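Following this message is one structure expressed as structure tokens.
Per-chain numbering from 1; labels A, B, C and D assigned in written order.
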Amino acid sequence: MELAVDVGWGTILAIKTIVVLAIIPLGAIILGYTFLLKMMAHMQSRLGPMDPGGFHGWFQLFGDGIKFIQKEDVMPAESDRRIFAIAPAVVVISTFLVFLVIPAGPDLVVSNLDVGVFYALAVSSLAVVGVLMAGWASANKFALLGALRAGAQLIAYELPLLLAVVGVVVMAGTMSLQGIVEAQQNGAIFGWDGIGNPFIFGQIIGFALFLVAAQAELTQTPFDMPVAESELVAGYMVEYTGFRFLFFFIGEFGTAFAFAALAATLFLGGWAIPHVTDPGWSNVLGPIVLLTKVMLVAFLMFWVRFTYPRLREDQLQAVAWKFLIPIGLVNILIAGALKVAF
Amino acid sequence: MPKLPKPKAPGLIGGLGVTFKTMLKGSVTVQYPHEREDPPTRARGVIALKEENCTVCMLCARQCPDWCIYIEGHKEKRPPRREGGRERTVSLLDRFDIDYALCMYCGICVEVCPFDALFWSPEYEYSEAKIADLLHDKEKLGEWMETVPEPEPLEVGAESGKK
Amino acid sequence: MADDLEREQSGAAEEVSVEQQLARTDEPAAAEQARADADEADAPPTEEQAEGESRPLDDTEHELLARLERELGDGIVESADAFGMLVVRVKPDAWRRAAEVSKRELECDYLSFISGIDWQPAPREGDEAGGDTSSPVQPTEMSFGVGGSAGRMQVFAHVESTWRHWGVTLKTDVDERDPHAESWVTTYPGADWHERECWEMFGIAFHGHPSLRHLYLPSEFEGHPLRKDYPLLARVVKPWPGLVDVEPMPGEDTPAAQNGNATADADKGGGAEAAQAADADEGESS
Amino acid sequence: MSADFAVDRQAWRHLADAQVNIELDTGDMILNLGPQHPATHGTLRLVVRLDGERVISADPVIGYMHRGYEKLTEFRTYPQITTLINRIDWLSSFANEVPFLHGAEMLMDIEAPPRALYIRTILTELSRIATFMLFLGEMGLQVGALTPPFYGFRDREHVLNLIEAATGGRFHPNFNRIGGLKDDLPWGWINECRNGMKVVLDACDTLEELVAENEIFEARTRSIGIIPREVGAEYGVSGSNLRASGVDWDLRRDGKPYLVYPELDFKVWTHPDGDSYARYWVRLQETREAARMVIQMLDRIPSGPIMAKVPRIIKVPEGEVFVETENPLGQMAYYVISKGATGPFRVKIRSASFSNVSILPWLLRGVYVPDVITILGSLYFILGDIDR
């Protein structure tokens, strides 16, 4: 990628890390504000925040962030101090790492790994470790119960997530995310290549499976047993206050942003617009297109979150093992058959 | 068992439909400091005292279940109404406090007052920083008198009998 | 204890005079009703027929009574009707059997409640301590309700049938010195909490109850609050705002009718009477 | 859910005492749900012994809200007591006063005029609708759905505004007097009430679609917390909880006639299963039935006086009376013993939630922790009702 000015390798890396570090809290705030505050409010025939920041309360989450930062972060007496302190960092790091591979434009990707998808899913399961550390270290019965539930759930839903993605990889023929985006851009549906071949058509089951599994990874309703406020008050986050709780909040919505971006890239064609191929334009339009697709996917996820009650622990596991995984396998079978036929 | 519902999408999709429809419909929030929802005329917001009617008969203080009305009065001589008549002794209020921290707005005092000195007013914005300020004295209760609305007409078929 | 008794006697005497005084001065509507009370209060209801509400039993009550008598025989001491509901008093030793009978014979599968009654009138401490006469004046001699009672304390329960749609109230006596009754937990498991509450509030122990422990009150609470001799402390702590301390006019010592201390010793009823007095005062002077 | 755990008597006896003095068994964990806990409607404390996620024994500790009503009634006159007892079940406060005043009127053999009886019944049914609207939304929250409570509260506002317009108070109307009502309805209240009822009926359809027909809700509530008929009756469970177990018993139709219920035709809804879903379903149908009853009454309300001839100082003649009514939470009854004074000698207040909750130790054995919350939600008790 030639830049107008000749810039050393180090500076490019610095710019990339700063961009990724900025995206996570910004993405969390955008998702949190539009969906958790405004959309949920209107779905419940309320208005949501109106006063902070004047127009429709846009400053609400920034204000929350500042509030959390200046709050005293308390450590319970019998808690295991070091693990208690590191746990939120582990949860948030897994979100940062996922963004390294998500492309926002032909050149706008931190590192275009050939095994991008494999890497993204491997890294996203790091959060389980962070959650277990948080639950164990807070020395609180509710937190322990929440953490154990979270551990069981996240592991149970890794598998359907992988199976959903395998279908896409089979159709795209490559594991690198750029490759998948190109495959969708210049693919054709039975010859007609008006809008390329976004894998959502071929892989509608895969898309649904991915969304359900992502919902469970994020511990959102109907799978939010670990953070069930009516029983365990706040699950593994119960003892966290101040800055550390802010980490968990950013982690939660950052991961939601990451999974939405992953789903957009894998199923809706990522940053690509069907017939715009020259790199200049794509680099500019890419992020905007990706953002709209992310908002679309996030809308679906949060819409489900605000409507459904929550499944009980054993029903949750039953859905994963007995229902999602067989469907995932069948989906790969169909993807393979389609691949061979066309 | 329950009646067969008309064929509809399975519950899960139906639920999504409900939330989506509500999202499009407007919200019902009244943004309090800017917009204000005025209570019905009969709302029991605060008790107003008409001092001239009060004859310090202590009935309200005695009937109040929460013991939150404190009254002190004294007696005075008044010139007789018709000349040559006996001098009148009239009892006047020195102190008439209602402690709204204790009051449970049951309305027994307003009802039991034989001289209609106490009225209900729908006013509700008198919250205080200190709980001690909730003890409204005679003047404050007098101020509430203007906010007392006219009793509204009764429903058709109601016998507008005793008051 | 002694001074309570004699204060009661004097209190009673003085009460009656107030009653008469009340009967005379009330305006017509309340007067004949007060006079009716006065007569009734004067003639203490005899043991069997508390006149006024011993209505004849209607057919369902006869049916219930017949079944009970067939089973309990002499266990039943007395039965009466209270506004369409049968009240049966059984001997203390037949109390558990009464439960089994009502569950089997009367098909009353639904337990409404079990509680206690303390018939002793509460000592009136209102007169001298701070003059709080806001609480209603109860007659001071001990009288028993429907179905009578052998002593001061009683346990009463109400059971109903969910498909026959009838119910019966069962009462039994509890002697004051060692208050106890048999527990119903074996026939009605729901009685567990009711009996714990009754034990806590009245001090009536229930033999056969799995775990008689405090239900509402903290475990280190002593005393039985619902007994009549247990004072209501909230009313002792705060002076009564209704207490009138309007000093009489300087240099004029008007008789008790002046609304100052006349109201102090009259009862709640007196409050309205004070209003009339005030009217009268107002009327005749204006 | 067969309880394959034997309830060990030892645990039962120690558990409820405030100082839990048994040493911690290795296997079990004692969890304190409450007294401050989002799922318990107020200050109920549930001492739960867990083995992993399953409950071995649960023992409710109550009394945090005990105000000693039965002691207070001995020191108050009848008008003061009416303002007191509508704070027992504060959600349907008007319905609390009805049995007490009906009892006092029977003792004084005063008959409230027909218009007053009609308005009393309308306000009782309105308070029933208000209580059930809250429950229909709240039950969604117990199983995790965030949106239904807002629908429940939003549509309940219409009913509370109606009550406030007529009586002056949203929660504590204080509108009931011995012998009738304090005042008549304001102008235009009747058709205001009619479109209020339309709103209630649509709200019931929305909530049914959003919650009752939701497969996840059914998965979480079907066959959870089953109360068989006999056990329910033995424990004194009443109202919708018992009707959800198939007992066709409604005091408005079967008990002694009170207010204008004999003149109304309404259906008593029952459900054979007796599980949490059945309790939700029965209350949903009863809300609709109550709205239809109010519409019936609005068409037939007679004109006339609002208050019977009652002396200024109310002295209830000597006697005993037991009056029970069908309150939204169940059977509410007062056993009033009067000795001819301006206040009663003793009042036994039989409140519905007290017995409804006393079945919890039996019901919660061998149940998962999340189901404990569902069962607590479906029993629908009010703490003031339990603790009096």
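As a working rule, a contact is a pair of C-beta atoms (placed from the backbone, for glycine too) under 8 Å apart; a residue touches a chain by one contact, two chains touch by 3 or more.
These numbers come from a predicted model, not from an experiment.
Each chain's centre was taken as the mean of its CA atoms, and the one lying most distant from chain B is A.
Centre to centre, using the average C-alpha position, chain A and chain B are separated by 54 Å. Here the CA centre of chain B is 34 Å from the CA centre of chain C.
Averaging Cα coordinates per chain places chain B and chain D 27 Å apart. Centre to centre, using the average C-alpha position, chain A and chain C are separated by 68 Å.
Shared contact sites, meaning residues of chain A that touch two or more other chains, fall at 43-46, 306-308. Residue positions of chain C touching 2 or more other chains, listed in rising order: 134, 268, 272. In chain D, the residues that reach two or more other chains under the touch definition are 76-77, 147, 151, 154, 210-211, 214, 216-217.
Pairwise, the chains that make contact are A-B, A-D, B-C, B-D, C-D. Partner chain B is touched in their complex by these residues of chain C: 134, 238, 240-242, 244-249, 259, 263, 268, 271-272, 274-275, 278-279, 281-282, 285-286. The touching residues of chain B, when paired with chain A in their complex, are 12, 15-16, 18-20, 22-23, 25-29, 31. Across the complex, chain B is touched by residues 76-77, 79-80, 83-84, 115, 147, 151, 154, 157, 161, 164-169, 172, 174, 182-190, 206, 209-218, 281, 301-307 of chain D. Residues 55-59, 61-64, 67-75, 77, 81, 86, 88-89, 91, 114 of chain B are the ones that touch chain C when the two sit in their complex. If you check the complex, the residues on chain D that touch chain A are 29, 31, 37-39, 53, 140-147, 150-151, 154, 210-211, 214, 216-217, 219-220, 368-373.
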